[in-house]
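In this document, chain identifiers A, B, C, D, E and F correspond to the written order of the chains, with residue numbering beginning at 1 in each.
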Amino acid sequence: MNNYIEFLLYSFLIVTALIAINVRDLLAAAVTTSVFSFVIAVLFIEMGAVDVGFTEAVVGAGVLGVYFIAMILRTTRRTED
Amino acid sequence: MSNFFSDYSAYVLCFLLLTVGLYGMLLKRNYVKKVIGMTIFQAAIILFFIQTAYKADGTVPVKDAALPVDQTDAYINPLPHALMLTAIVVGVATVGVALSLLIRVHGAYGSLDEDDIQKEAAK
Amino acid sequence: MIAEHLPALPILLYLFVALLMPLANELGRGLPWTLSWLTSLTVAALGGYGLWLTSSGGAIRYAMGGWSPPIGIELVADPLSCFFTFAIGAVSAFVLLHSRESVERDCGAKNAMTFYASSLLLLAGFSGIVGTGDLFNLYVFLEISALAGYAVLGCGSAKAALSSFRYLIIGTIGASFYLIGIGLLLSKTGSLNMVDVAAILQVDGLGPVTTLAVVFIFVGLGIKMALLPLHYWLPDVYTNAPATSTALVAPLGTKVAAYALLRLGYEVLPYEALLADLRIFDVVLYLGAVGIVWGSIMAIAQDNLKRMLAYSSVAQIGYIAVGFGLATPNGYIGAVLHVINHAVMKACLFLVTANLERQGEGTSIKGLNASLRKKMPLTCACFALAAISMIGLPPTAGFFSKWYLLLGSYDQGSWVLVVVILVSSLLNAVYFFRVLERLYLGKDEDAPDAPKRARLPWVMGLSTLVLALSLLLLGFGNVYIVSNFISPMLPGF
Amino acid sequence: MVSVVRDLPSRGDVDAPLHRDESSVGTPAAGTHYIANSYKDAGTDNIVTVVLADYRGFDTFGETVVVFAAGIACLLILRGRRES
Amino acid sequence: MSRLIQVFALYVIFHGHYSPGGGFQGGALLAAAVILLRIGEGRAASQKELSSGATIGLGSLGAWIFGGVGLLALLNGGRFLEYASMPSMGLSAVGLHYWGILVIELGVALAVMTVLVAIFDVLTEDDKSEG
Amino acid sequence: MTTDALYQTSMVPLFAVLVSMAAIPAILFSSRMPNLRESWSFLAAGIKFALVLSLVPGALRGESVGITLLEIAPGIGLSLVADPLGVLFALVASGLWIVTTAYALGYMRGHHEKKQTRFFCSFALSLSATLGIAFSDNLITFLVFYELLTLATYPLVVHKESPDALRSGRMYLGYALTAGLLFLAAAVWVNLRVGEVSFVAGGFIPEGAFGDGELKLLFLLFMVGVGVKAGVMPLHSWLPAAMVAPTPVSALLHAVAVVKSGAFGVLRVTGFVFGPEMMKEHGLDVILALFAGATILLASLIALRQDNLKKRLAYSTVGHLSYIVMGAALASPAALTGSLMHLSAHAVMKITLFFCAGAIIVHSHKTEISQLDGLGRRMPWTFAAFGIGALGLAGIPPVYGFLSKWWLSMGSLDSGHSLALGVFLLSGLLNAGYFFPIVIRGFFRPPAPDAHFPKGEATPWMVVPLCITATLALVFGIFPDFPLPFFEIAGRVVESVMGELPQALNAKEIGLAP
């Protein structure tokens, strides 16, 4: 059972990572990165690293996302790849 | 196979995420994508550390009245966790600096794509 | 008191003063500048004191927080680390002393505080790398210095920001590789303390995981020290950054990474296995040799003086790598000595370019002409002296590192290296005399209507001069330095 | 690559070098030491907090400095530009 | 909403001794609260909460609180950050460690909050003169 | 040498080296007052010569005196020691510096050269370096001053700052720096294998420290290292190019100080590093002799074809330097004596010729030999001095050059390399062939119709020095030990290196020496 949840998380991580890297809209990429961070935070907690997971959730999904968005709004959403 | 999955799959995931991150940092032409690659790369490293700390049947490293601390195998190893807290902070800091550099770059070149900027710089 | 806390003091001093900068800025406009170079000077004094203490009394170990290693973090002051601390303090003191006007020009007078805070954090990171005895702590300081480094290299022009960003990406890869290496090591040894890890690896030997860890650590630090195929970030960064930043980072940054590699390679990772099974020293050696030739050739092809110096740095790092890879006492001595010598030479040369920029001369080599010799005789003389040292003519400092590297090459019976070292000296001569010729012999083409510029401020001249003269001092003092400070540190070969 | 993965401790292996009581040269292994002693040393339940703030407090000081450095760095990069 | 986060953040900081959490997470949450204010209610309103000019100064103060604890131990004859060597004020060594950790967590929280806000501020700052 | 019984500590060699360096600040500060500036040069030259003279009695007793300043590499001191060979060279260099200073004064002012302060500074520095080379006690000290000499003479070579001069300067640097590096490579190697770098009369490399092939390689490294400055073919081409320098530079540096330091280096390396026995044992003498012999003949042949006066002198220098090298290669007592005497003889004679060339250039602005027809009658003193020098270089008695050639020829016989004798004789003929026409043109050809010769002689500042050196060439030819005991010092050197004096050919018996 545990294995299945983990497998789901794993696949989700890889998919979000690939989307974040490849999506053509930077804003979407930033949001996907936040999602990625959140999912990996869940994985950390699942592995017993509660502190790390908590921090990753606050930072990766929260602060970093805000930074990315603030920066993208100030510059450009456009990208070639 | 299921044995391999439960034993080593997290390493494989780390490796895949490292590859994705590295691919983003080195081969993507857009600078924001490079930074995103960087966050993925760092998350993968953190995952690796957390993975090494894990103990089968271990509980979170917070003292539990029911589990005496001299049963050290009952608690997950706290050392990598502590290290990774630092590493996460370092990661955020790096991304912050990277983004402010990018704002500066965009202000002068009007783009965040390496190709455009190289064209601009060659002018 | 001071002796007891010696390993921690330089780091703490830099950190605390850096943290004071916002306050200092409120108290007085020139205060950040004054504080920063005074701090560096104090650190140099601490380093000197530490040298004196440790070269006779042995290493001082400092258990942070009172937790004895491997439970807590340990700092170590031994002759080698004190020597580096001294070098960091001394070189940066003069660069910072020199910097006031350039910083205000490049970053704006209002932002001088942030520049000096970043510089001090950079130096704190350097002295932390040098002083720490803990693998993860080293990573933390690596990142402190890296972040501060991206900042000081990326301020000023947009070009600087761009090259600094590229450096950030590659630098983060380097640091992350190092971190992966640490993680792999940790998973096999369960320890982060350098002495402890060394002992454990001595017993356990190299397995597949530890081998991979070694590779990651070497590649990571190789990026940080700009070893040949990993060097491509360097020329752009050094060329575009503000003058003071380059003068601060170029002499020290790559050297500190080299120091870390030296420490880890010889004292932490199992040396015999690295040497015999992995042959990683040979790899470093040949990369270094190729770097020497490649860097020198590229330097010849440059027209921008700063870019030329940057490529010359690539070549000089090659020397250090060669000394490191030789894995003989003489090679080791040569590498360490060259770290110091090159730091002083490069700091001096970059200060010269800063002086040129200050006087509005630009740094295109084609644009230099003999009128400079009359306008800035001191700067030109310093350039000449440093150039002679770079070429490696006796009795300047550069000659002696070459001497030891040659001895080491003969020890190894490596004729290729002897030839490389000799040829590179000639190549050095080619690109430095090209500049010297223009400075001293070119036509006196000062446009008659050129605007009169104010004289160079005396602190700028003084700093440049002190660095140039210390090249002679290092040259004549090399035996003293080697026999008192470097030889006691030789790892078992 | 496979040999490396095989050489890594398998998931949750309590006998991995990281989780031993002492290292192969007899020095205490830090992780285990932390679990056993943190409450005794600092009276704090959360072991990670103790490791972070006490045993490896210097790293955390470094971490705080990194944060500060990032702040300073952003200020310098975005505000510090050549006055032309 | 942002008040709620702030309360929660304080809980996180102070409860870090017993459950997951601590200075960094709490600081980050506080920062998130302030940033939320900046986004939601506009810059001017949130300046009352935490003014942009004070951020870096307060950040260095936070780091100084951390370092100050270390220095206090050092000056009192111990090693840097050796909490047991701080002036005891009637506390046992364990108690000193306990309080030492709490104080430095506060320092970390202050530093992290202010600096994260500062970074946000400069990232969203209007361009004064570009080029 | 520092371990010799006959060694004494003394600061004199150090002072002798430093005195001209000490003059540099004085020269710099008085750059606005040419007269004062030049008197500093004179003063330094005088003191330097006096200091060297004070070392002569010791040298005649075979003693060496000196001092080790500081450890420059582990176990290797920066040592300045005056032994007979060093004193011999120092005597030549410092003695001729006085004359050259006077001459340079006339030349530089007559030619209205620019940047005279830099000129005199570099000149003084070069002399310091030359004396440093003379008094170096070990390979590293030698190298230090050798490189210093390269740097100090570079500004002199490029003095004109014309594209031509710059090209020559680069060429000179390229050759000299490469040489220095090879020398360094050799020195480091020796240091590592033997653990010793101090010169010892008769050689200090023990048999067996190097394999035969290695020894040949080492010897080649050393010979290229010192051979560049000594102009041994094929390493000579910088020397004719360097003739773009002002004539006093060509005179003192490219006939005496720089090139002789190369030749001196050959003597040091063959006599004091390898030693004559090892040279013979491994056939090193043959290698060196082949190169030297070829250089002597080829350089003379090329000189024949040169029309530019200074170029012809330069090629003649290349040839004559190899006389010295040849003497060192033959390594018999007589040959070495000849070699040492030629060191001083060629210096005195060639400097005369260069002085004459400079006087001609400054006074009549003629640089080509074909333009000199009839000029001798306007400038009789100059051309007479030229004639004396030319006679000497061709080896015709009673000029000094005859003596050195005589000893060299004897040496080629008693060392068994009689082929060398043929080389010496043939080259003597060639010398006559390229020098005499100049004198003959000057005195006996009618001037070309469009030649505009000035009236009278050049300034006394130039004529007097060249007459002095010409006279010296004659005096030494008749009394080889008067006024300076060159012959006797040479005897001491030979004794220390070879362990014996030239036996059958004792000078006093055949009446060639008092």
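The rule we apply is simple: contacts are C-beta pairs under 8 Å (C-beta built on N, C-alpha and C of every residue); 3 or more make two chains touch, one makes a residue touch a chain.
Treat the numbers as computed from the prediction; the structure is a model and nothing was measured.
The minimum number of touch steps separating chain A from chain C is 2. On a Cα centroid basis, the chain most remote from chain E in this structure is F. Compared on C-beta pairs in contact, D-E and C-E come out with D-E as the pair having more. Ranked by separation of Cα centres from chain D, the top chain is F. Legend note: the chain whose CA centroid lies nearest the centroid of all displayed protein CA atoms is C.
A separation of 27 Å divides the Cα centre of chain C from that of chain D.
Look at where the CA atoms of chain D average out and do the same for chain F: the two points lie 71 Å apart.
If you average the CA atoms of chain A and of chain B, the two centres end up 10 Å from each other.
Counting partner chains per residue, chain D has residues 6, 8-9, 16, 18-19, 30-31, 34, 40, 45-46, 48-50, 52, 54-63, 65-75, 77-79, 81 touching two or more of them.
Chain contacts: chain E has residues 18-22, 24, 56, 59-60, 63, 67, 70, 80-81, 83, 112, 116, 119, 122-123, 131 touching two or more partner chains.
Residues of chain F in contact with at least two other chains: none. For chain A in complex with chain B, the touching residues are 3, 6-7, 10, 13-14, 17-18, 20-21, 26, 29-30, 33, 36-37, 40, 43-44, 47-52, 55-56, 59-60, 63-64, 67-68, 71-72, 74-76, 79-81.
Those residues of chain E that touch chain A in the shared complex are 20-22, 24-25, 28-29, 31-32, 35, 116, 119-120, 123-124.
Put simply, chain B touches chain D in their complex at residues 6-12, 51-58, 61-63, 69-70, 72-73, 75, 77-83, 85-86, 89-90, 92-94, 96-97, 100-101, 103-104.
Across the complex, chain E is touched by residues 60, 62, 85, 89, 92, 96, 99-100, 103, 107-108 of chain B.
Of all residues in chain E, only 18-20, 24, 112, 116, 119, 122-123, 127, 130-131 touch chain B in the complex they form.
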